[in-house]
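For reference, chains read A, B, C and D in written order, and residue numbers begin at 1 within each chain.
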């Protein structure tokens, strides 16, 4: 039998790159950045990039695991509460005489436990992640607030609080970008260049088919939630040191900021679609916009409106795009939820979600 | 929910009703609520047996009750509305502004305008979700920011004070009929109407059908989009009403009103047995869930639990509720599968 | 069974395609009031598509569609319902969270005072429908957890309660028992006698001949013929359906049968299947036959570890396979081509290369790292061996025809070089040409010593391909027939009769 | 280095030219700050500078930091800030100072090392004392009282509460402080906390709320409850918020300084710093427009004056 051979790609590289959604976000980021540099007073100063990265660092970090979780079609709303819990732990332990590295280690372990608890309920008990993490959002935050009560721990050694804000050499980049870059590379390798990462996409596109091809759906989700807990805890340590203050109400509302940025970065809330470079661009885009608007003395409310609009518009644009392509393919998409009740009974792994 | 197997049950209607009530999720939550009230009352008599204690027990949950009712309707259609807190802030501020800018404006008109404004915001959500085919979670996350930003820009640092609003309106916040606060009666009437509609009107049942299986609903020929939009409008209108109630109850309104209340509304619905993926649950359950959340918040300090721990208790409650649901559902379906062997 | 009433429903040259897949090329159908019209054709002939166009689920790309003589164009199922068309879809469309009564009356519940739903009247009406259909169902129970047969009954009750002038039933009997089928037929006849037009789709010829008065045959999206039932025979119909000699569809080549590869011992799963024991040898093709809903797919899923089971063991090449883990099954040397390739077999929104390499990707990774390039290089030869038709390996599987998709699924599993391949409904919804290719491939694989466990609802396929036939009925194996003993009669008896003693 | 003057990072720095002053309140949407910032704006326009008001939605330190950073980037001449945390925003403030911005805190201070000057509305002792005196008088110097504060770690509130406790135990042995609860400067939370307090302590005689949001919420709750007249509410509030409750008798008296004057003074102090007239040294003097001359005290602190008591007889004269 003379086997057929195939081209690897239907379209040339430049077309594939241009049509990708990530490209649009990166292009928008570049445009907004260039515009701000030339039009916004003081935006081209040396501090802009530094502060922008300091502010965005926590979101950038947490966005890494969040991207993967959303690609599997799940969501983690408890990240900011994990940040707070980790912050409170670092503070409390430090107050009781533990060194910062030790306290940080314990906090990361606590983050792993938080993530594992979410992951267990979602992946192995089969509960919807939206409901589970709304619950743990309140639970973890409650433990954080309860632990410190009225106190705020602020007497951190300067060695450590300075580290969180240090510049790399003489550059305008803060040191925190180093762990971020290391983690970003690891996550990018994991998501885009391993079999595990392929499984993550498969789960989001069709978790039933993934299960049938031997992807361990439950374990994959569990691991992602654990990663999310660990990275959130790390971000919690960073936030604590950066502000030199451990409080139960640190990072309130951060979860929605992370999710907004991830979605803006081109990840589909339905799962199965998205890439880390888009997400990073999404976070930075929000950072650049907020920073430029603040420099223009625009108040936070207007910034919020703009970010909200951007989010709605960007999501609508994907859905219109996909609607258009689907229409041109003449396909009526049947929902991924099987109409057959048997599968739901047969295995708890396939939680129907839309 | 009836647990009967394949063959028609031979039990009488009365028996069936009794057993349904006894085994329902709503009564389980109501039971927990009674326990909480009893424990707090044993500890401090005045929690229940004082004029103010009794009034607060009934009155404090009114706002969340309205929000949870609307939220439950949306969740039943397999959607969610995160923007209710921002909607509440907008309509609460609008209420105050109406009184400030139009002295002598009839109260009933203000209530209507508040509800209409809320309905309008709900309509925006509904249109974006139904026509844009974008998940409600994302859309309403976006409108949460946008609506909140609008109040902040509009109100700025302006605050509406009690002295800006007529006494007739403010007294709504505390007036009682037969010891039952007026606002509670209002919330209960709304709850009754919505609950009755969901249970006995065709449109209400269609909401359940849509949430149960949206594709089947389409195949069946139900007007899915219209109903989903309707659910969002209702939810918005109730959030609008909640805004008016907020103004009457608290008397001061700033742009930060109702921050973070959206997750409480979703939590109340979930605790009350509304499945997060639609199709089942009732507004009664959501209402009792709201009542429980608020009452626990009030009871904890009395029970000697520092109020810093309240949020943790709420979280544990939500998790307990969904895990319980899963356990019961698994048990029920196993029974149904095994029943096939016997049949 | 003759001169019936005026033409109720008429379709002429209706066309419909889904992207590159042409589902209907020239669909034509003329149904008279007061008659029961059979629509037959092989899997994928386009019957359901035709039905869905009538129902307003899909809009036709071209052609005529007349209802009671008037040209119509339904944009939604609501519109067709209003026009008096009731449809039972092939796949049940129930609301699992609602009671069976509500499922029947959704959107048109009887109303009492104050436009309030009159539950009592509704339940009574439902009970009336159930007794007419001869079933004993609690009108208040939830639809969740109903067996396929019961679900189908609800669909039927829903359709007949609509009081429609045109009633279309897409394989309503596939999961029903003999008695239930008889009841349905009685109801159908009485509806016909009331002057309604009925369309009946079934793969069972005995039913077609017992119930219908006219038959239309379709093949590959084309209209073939319409004949009065009295003037045709089943072999004529089969010939029209298939369009060529049946024989060359099943190029079974004898293979050397070796040692047992798969051994299943007393597999048990409450409510699903019971006491399942059998083995499959190297080079052997074993078919699981039975009615839809008999539990064959469930057995296969349990063996492969997609579902769990309560007790029993599965051994591959003498080693026990860990339950509930497809990974373990794959590692031990199993492959599984599932019945629903869009939902279970493929990630349709991913590329061909991604799908073909899906199972073996951890093997082709270097130092744990995987690139698109290495996937494409690995996938290419396997896609080529199966002659998958696509212009590039990064095309999404969404755009492919069913037959091509099936080839991708098979390529994916062949790439793992399994010692046992389980194939559920290997040729469902595949055109005739590809069908023969798939059959040839299965034979060839068996010839190379692979053990094959095949599940098929098509009797000719079972009889043509299998070395041995296991018949499943309600979760029990009711017959174990050698190729020589397997006849349509022996298989059908075992498939419908519980009393049969397992061989 | 408070006196470094490398302030040409893109702003319009340098004395003599127009001075840019940015007010950063604890949060937006707070009428107290609205009033004080209004005073600041008046002052800035009097000396012909450039005024801006920015701030976060929620009163939390991490939300204030980006605004401080922005001020540093803009190279504005002076930042007038009410701190949500004495330490958490400190480093950011110092960075802004390094970039040449003068930092004046008002209303709520940071650690002295993070700012050039603190404009104190009144001495903490004075504020604590006036509140203790008011409640003691209103409840007849005996009985249970509770405190409804703002956020659990608000600097100024906590300082006053500590001083009030000392004053109570030293001078008012028959008054018992039974609880301190936190309303987070949120209307709804403060309201519900009041309700919980009254339930938990049926014998409560008085509630002291050293925060404007808290006192209004407590008064609103009490005014409609069976406790009206039985439980006294006092503390720090603005006349407009409290007018209704003073008139209907729920509240006999409450205290506050004039927040508008506070902002006004802060702006002039900022200007004096920018112009190099003062450096924050004890004994420095500067003039603040219509308010007259002020002298810098210990720890680089400038005192506005004594708190003022509002009651039925004088409240009609005030509108802020």
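In this section, a contact is a pair of C-beta atoms (placed from the backbone, for glycine too) under 8 Å apart; a residue touches a chain by one contact, two chains touch by 3 or more.
Owing to the predicted nature of the structure, the values given are computational and were not obtained by experimental measurement.
With centres computed as the average of Cα coordinates, no chain lies farther from subunit B than C. Subunit A and subunit B have CA centres that are 30 Å apart.
Per-chain Cα centroids separate subunit B from subunit D by 37 Å. Subunit A and subunit C have centres, each the mean of its CA atoms, that are 42 Å apart. Residues of subunit A found to touch two or more other chains are 149, 252-253, 299-301, 304, 334, 339, 345.
Contact of a single residue of subunit C with at least two other chains is seen at positions 57, 93-94, 96, 144-145. Residue positions of subunit D touching 2 or more other chains: 28, 57-58.
Chains that are in contact with each other form these pairs: A-B, A-C, A-D, B-C, B-D. Against subunit D, the residues of subunit B that register as touching in their complex are 44, 46-47, 50-53, 55-56, 60, 148, 152, 155-159, 161-163, 170-171, 173-174, 246, 249-259, 297-298, 301-302, 307. Here subunit A touches subunit B in the complex through residues 75, 121, 125-128, 130-132, 134-143, 145-146, 149, 248, 252-253, 256, 259-260, 263, 269-270, 299-309, 311-312, 315-316, 319-320, 323, 334-335, 337, 339, 345, 348, 351-354, going by the rule given at the top. Subunit C contributes residues 55-57, 76-81, 89, 93-99, 102, 106-109, 111, 115-117, 127, 136-142, 144-145, 147, 150, 270-272, 274 to its touches with subunit B in the complex.
On subunit A, the positions that touch subunit D within their shared complex are 41-43, 45, 47-48, 51, 54-55, 149-152, 154, 161, 165, 239, 243-245, 247, 249-253, 290-291, 294-295, 297, 299-301, 304.
Of all residues in subunit D, only 27-31, 33-34, 37, 57-58, 181, 186-188, 191-193, 195-196, 198-200, 202, 213, 216-217, 220, 224-227, 240-241, 243-245 touch subunit B in the complex they form.
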